[in-house]
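These are the structures, in structure tokens.
What follows is chain A paired twice: with chain B in the first complex and chain C in the second.
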Partner chain A sequence: MSNYYYVQEKQRRPIVPIHLVALIDLSLFALLSFRSGELNSFFWILGATKIVLTYLTYIMLKKFKMGETYITSIVAMILSIGLVMQLRISTDVGFKQFIWYLIGMGIFVATSSFYHLVHKRMRSIWFFYALMIILFMITQIIGVRVNGAKNWIVLGSVSFQPSEFIKILFVFFMSSFVSNPEALRLKIHDKRIHPKWTLMAMVFVLLGFFVLQREFGTAMLIFMVYLAIVYVFEKAIIFVAINAIISGVGALVAIQIMPHLKVRVDSWLNPFADIAGKGYQITQSLFAIGSGGFFGTGIGLGYPHFIPNVETDFIFSAICEEMGIFGGIAVIVLFSLLIYRGIKICLGLRDPFTKSLAFGLITTIGFQTFIIIGGVIKFIPLTGITLPFVSYGGSSLISSFLILGLLQALSGSILREEVFEGEKIHNE
Partner chain B sequence: MYAIIAMITKYVLIFVIYMFILKIAKLIYQDIKNMTIWEDSKFMNPHLKLLSSIEKADMNAVTEIFPLKNKITVIGRSLDCEIVISDPHISSRHIQIDKVNQGFKVTDLGSSNMTYINDIKIQEPVMLKEGDKILLGSTELVYSEGGKLNE
Partner chain C sequence: MKKSTTNSRILHIFMMISLLFLGLILYMSYFELYGKGPIMANSYNRRLKANEEDIIRGQVFDRNGVLLAATEVKEGLSNRSYPYKNLYAHVIGYNSDLYGKTLLEAAYNDTLLGINASGFMGNMVSLIKGEEKTGNNLILTIDHNLQLKARELLGKRRGSIVAINPKTGEVLAMVSTPDFNPNEASLEENWGSISTNENSPLLPRAVLGLYPPGSIFKVVSAVSAIEEGFIDFKIEDTGSVVIDGKTFSNAGGKAYGELDMTSAMAVSSNVYFSMLSEVLDPKALLDTAEKAGINKNINFDIATKKSSIESVIKSKTEFAATVIGQGKLLVTPLQMALISSGIANNGVIMKPYLVKSISDKNNFILSNTFSRKLYKFTDSNTAELIKEMMIEVVKNGTGKEAAISKIVVAGKTGTAQNEKLIEGNGNDHAWFIGFAPADDPEIAIAVIIENQEQGGGQIAAPIARKLMSEWIKNSEKQ
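The block that comes next holds the complex of A and B.
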């Protein structure tokens, strides 16, 4: 029966890409250990751990039919580059990043294995909105101001950024809206308001909170994700246009009113006018990217320490300096492949909630990558958000792995449906 | 000494990373190709076609294919249905399609907005024939026996 043949062909998957990740890990960690003088066993252990974990997750996904392996392979490659760059810049910081990587992998395994148990239950739109507001309130009360943004909560020796988790909650919030807009239908003075206006009001309140805490990067990210989801799932384009116009006007007004926003725009338009002052970060970043040439200076031979915040915002510039423009383009292409696979997962889902969830999550990663890389190469004004999986930061890594785990869980649900379909057609 | 090794390895590193990217791209290409073959096989058996509201005028633009494999297929807004359509004008359990000897029978399950086949409101179960347009809420499904590949 010809249908059976097609099912067979679909299940043939070559294993080769994951080996290449292992090869890269081997080379990079070997370089690191060689660079530190004697053949230091510290880096060998880290490298071996990474390779083992990469293979283990791959085998786990295949054995338990937990979905596709492409997104984890792509992220494994991105992580190789990211972890090694962090370790190269500073062994201490790099080691902390590695620990967060281990925790993140644990979270990934837990989420992708257990999400399907809870996903039917977690759908209430007010629950997510309330959680976000609570997190905001906590940050407002006990938050700590770092680099101008009141965005950190410090508990003893651990500090984390609630905004990294708010962005995930926001996607859940939007997905509850998409799958059940009627939950937001309010009645004021006997007039029934269409849910999308309530949604708009709620989202702008959220954005207001972010602006209040000077978290412009996350505000921009949340808004772009909001626009994307509304554009895809809402029939009336005029609604999207209204939102875009209001926020455009709001942004222009904000730039005039708030001085530090004006500084960002000025240093974006002409950083070289004030190289030592306002434009220092951007100019150093541009110099670094330029000094890399096509293939880079080689790992360890560049000067990343000239760039401020090189472990967090400007890690991409350091990659471009030491691995060349080809290395930088490779990172961009890897993220694009990741986004493509995410959209493919989204297309394969039936249930509007999970469809919107997958779309929102991958859009978050996509826009986040675009915003930070764009800011670092002076394509758009610089904002302080992290490059997923690459920038140093516990909260950033954990939230990225959480997103990856959720996408993997959704991919797994598609695979289990498809296998079931394939068997049915074969049996008929 | 390290500097020399680092300078040589940088070319190797770039090469391997791009090999990886190419391999992934090739896998994606094969995946899409297999997906198209998989999609074609859905055409061979009886199925329902969902047309997007924008492309309704162009009969060739089909949004989704729902194969009718089961004995009983319930279509509605609820997640328990075999075919879930999130149109607010569709009831949670809108219609039921039963596979009987003569073909497929459509029964309206007491929906709020009624069901129309070829613009005629159905009061009792109706047998489907090739090309029948089922209208639920504001969504239109077209029934096809299958067996045609390139329409």
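The block that comes next holds the complex of A and C.
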């Protein structure tokens, strides 16, 4: 069965994308080394490492029949742009990012290879909910405030951002619900309450936590993922509408009573009113995007360091400045392809838990990309959130690779056979 | 679980995400094409300054290649230098870290930095060769010798001279006094005094100075009268006339006897023109003035003030005052030079310009400015009639001091009361507008000297003569 699947794939599609990634890596890293004479060999080593890893991943996926081979190639291409941009902004930060990339690749290999061993045990809704609440509590108690949001945990020299992992736990939580909603059926005074209302209450409590931590971006993200999963798997349009209305009213009230939220809306509507203060970040981002034009200034020829937090939240603006609007559009198109492949994996799955998990993970990537890019180009209010695989940061990169590893595992034949128990694969 | 409905719902969400992404792409493209235009020049855009640090600013030359502004780089620090110091302070302006940019330095900033499209390829070559980026040069229409002469003629007096080639609109000389030294070191040293000086040395009077025109406005009144069919209007000038209870009299109360329009223009009779106002339609005069560009912004290389005429005339006396140039009228020297050039050029005012061409660092010409029509002031017959009157002014009238031997000069003098401008300083402004040679004009000019004891005929006309003969003499030599 699975042999047939791979032979088909090989015949129909020559393995071009992977070579394309190598070619782009070669030219981008060569460009970096030409631009900074003495660090010559340094960039060549990084570039070569990335190319070798990309090929090794590909060979591994093929050899061990670990599923489809496109999502890793697409991510490799996104990573090329991201890593080169980080290295260009600061060799120091870029090198750290490269190390995180290596660690992330390790996480990816581990997850995609061994996740199937635990897959069947990953469906306890209360366990995931409790885990999320505990992470929140820890963040509240020992958390550190960075850029207005109290969302970092620092342990000695290691610091990490729990929200990057909570968003994955949230997808597991939702999938557990999809596979067994009865776990949430409560009985109050002999009245049976439909589990989705319990779910809604639990999700709104979570949202409240995020808003209290001023992580508006993550709040928006998990809410969108929640609505998408409910829409697809609960088939309750009215319920979705009620949620949307309640959250809309809640957001309006929150904007009125929470100054931090109001500031974000104000600086979205008119950033030039307080350009020296609240509007500074977004206007600097717009100047960067505007100065790049359609084709960009060229890598190394712009001034991305004029944008505050350029290596994290505003990395997309730096890409637009130096690679142009077309460079930015290329990044968006790459994410579209990634989501397309993710959706394709999801369509082929049958087990509700597995299907919901794939769906939740890929929509997380999609909505997260939309929220941050929309924010930095002033399409929607800006909320501090990272661009998957591109923004600097260990937590962000590791959680992105974790998602990639999980998707890979879900596309993998071992898991498929286990889940479908020999049933025919409806992939194409 | 019913797979088909679940899958179609998954596709709904996929389509929604695709639409969101499409929204991003469309919004970015919109921002690039339309949204960014108004915001990129914001002073918080540090790229503008950063570009400057990386690029050697282009040079500025006069029409014959005399270097007027250059950027010197010493030990990594660049400094804008103006070798002729004060001479071009009101044309090129200054480019200072502390005080910003003005005039051409501001208006042509992108060109001088080579950050617009025309300089792109040149900079790509430099980039590959590893050379420093260099901006583009401006070649002005100004003639350095004429500019020098104009400045010398103004001397220590306050005022302005604008000289234009009436056939092309090229500005040949443009001087405003008092002026200042635009070199950075001098600016820093003297900023306190030049920025607070009551004589406003920072004001480029040629384009931003608004003055009452006085009798030189009679040229516009005469154009309107001829267009309205009053070419044969004649009066008996008794030295003064009462209009609606207000007396209008000639300078010095002189009575000129029988006057037609030509002789009235020659002696600059206030009596004639105020009586003309009784037959002239205020709307017609307004229309003529606006056809000359009054009440409009002049599209020029540097910012200009709008000359103005009252659009609603409330009384006969007010209109009579306007016709003789004493009403609620304010004009810039540039505007008057344009009116003069319009008469010289058969009624057509050419668009004035200061930048003749743009060249790259190897002096390869990247673009030339083409002459083009700005306003149709009047028809060529009317222009010819006015020209004859202005020739008479210089031959036998108030403008005799502007006469050049062997060359026919056309002109008009003016002495404007200035009570509006500086309180307590009763002296009048001396004006002269004119052009030469009258049969084939090469230069049209406006001269104003502020607060003079004597009128335009004595003060401004000789300056015009010297400057015009200098230009004609030199162009004959070439």
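The rule we apply is simple: the second predicted complex is superposed on the first by the 398 of 428 C-alpha atoms of A that agree within 3 Å, B and C clash if a C-alpha of one lies under 4 Å from a C-alpha of the other, contacts with A are read in each partner's own complex, and residues count from 1 in each chain.
The criterion applied here is as follows: contacts are C-beta pairs under 8 Å (C-beta built on N, C-alpha and C of every residue); 3 or more make two chains touch, one makes a residue touch a chain.
Since the structure is predicted, the reported quantities are computational estimates derived from the model, not experimental observations.
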Open item on the list: For A:M77, using the defined touch cut-off, is the partner it touches chain B, chain C, both, or neither? Pick first, second, both or neither.
Closed with: first
- [ ] Identify the partner contact of A:I24: answer first if only chain B is touched, second if only chain C is, both if each is, neither if none is.
- [x] first
Open item on the list: Under the stated touch criterion, which partner chain does A:I299 make contact with: chain B (first), chain C (second), both, or neither?
Closed with: first
Open item on the list: Per the contact definition in the header, classify A:L334: touching chain B only (first), chain C only (second), both, or neither.
Closed with: first
TODO: For A:G393, decide between first (touching chain B), second (touching chain C), both and neither.
DONE: neither
Open item on the list: Quick check for you: in the superposed arrangement, does A:I377 touch first (chain B), second (chain C), both or neither?
Closed with: second
Open item on the list: Tell me the contact category for A:G67 with respect to chain B and chain C: first, second, both or neither.
Closed with: neither
Open item on the list: Is A:G47 touching anything from chain B or chain C once the two structures are fitted on A? First, second, both or neither.
Closed with: neither
- [ ] Examine A:M323 and indicate which partner it touches, taking first as chain B and second as chain C; both and neither are also allowed.
- [x] first
Task: Shared chain A contacts, counted only where both chain B and chain C touch the same residue - done: 235, 301, 340, 350, 352
Task: Residue ranges of chain B touching chain A (in the complex, touch as defined) - done: 2-3, 5-7, 9-14, 16-21, 23-25, 27-28, 31, 34, 37-38, 41, 44, 53, 69, 79, 84, 86, 88
TODO: Enumerate the contact residues on chain C facing chain A in the complex.
DONE: 1, 3, 5-7, 9-14, 17-18, 20-21, 23-25, 27-29, 31-32, 36, 39-40, 42, 44-47, 50, 127
- [ ] Over in the complex, which chain A residues touch chain B? Could you list them?
- [x] 2-3, 6, 9-10, 13-14, 16-17, 20-21, 23-24, 27-28, 31, 34-35, 70, 73-74, 77, 81, 120, 179, 181-182, 235, 295-301, 322-324, 326-327, 330, 333-334, 337, 340-341, 344, 350-352, 421, 424-425, 428
Task: chain A - residues contacting chain C, complex - done: 228, 231-233, 235, 272, 275-276, 280, 283-284, 286-291, 293-294, 301-303, 306, 320, 325, 328-329, 332, 335-336, 339-340, 343, 346-347, 350, 352, 355, 359, 363, 366-367, 369-370, 373-374, 377-379
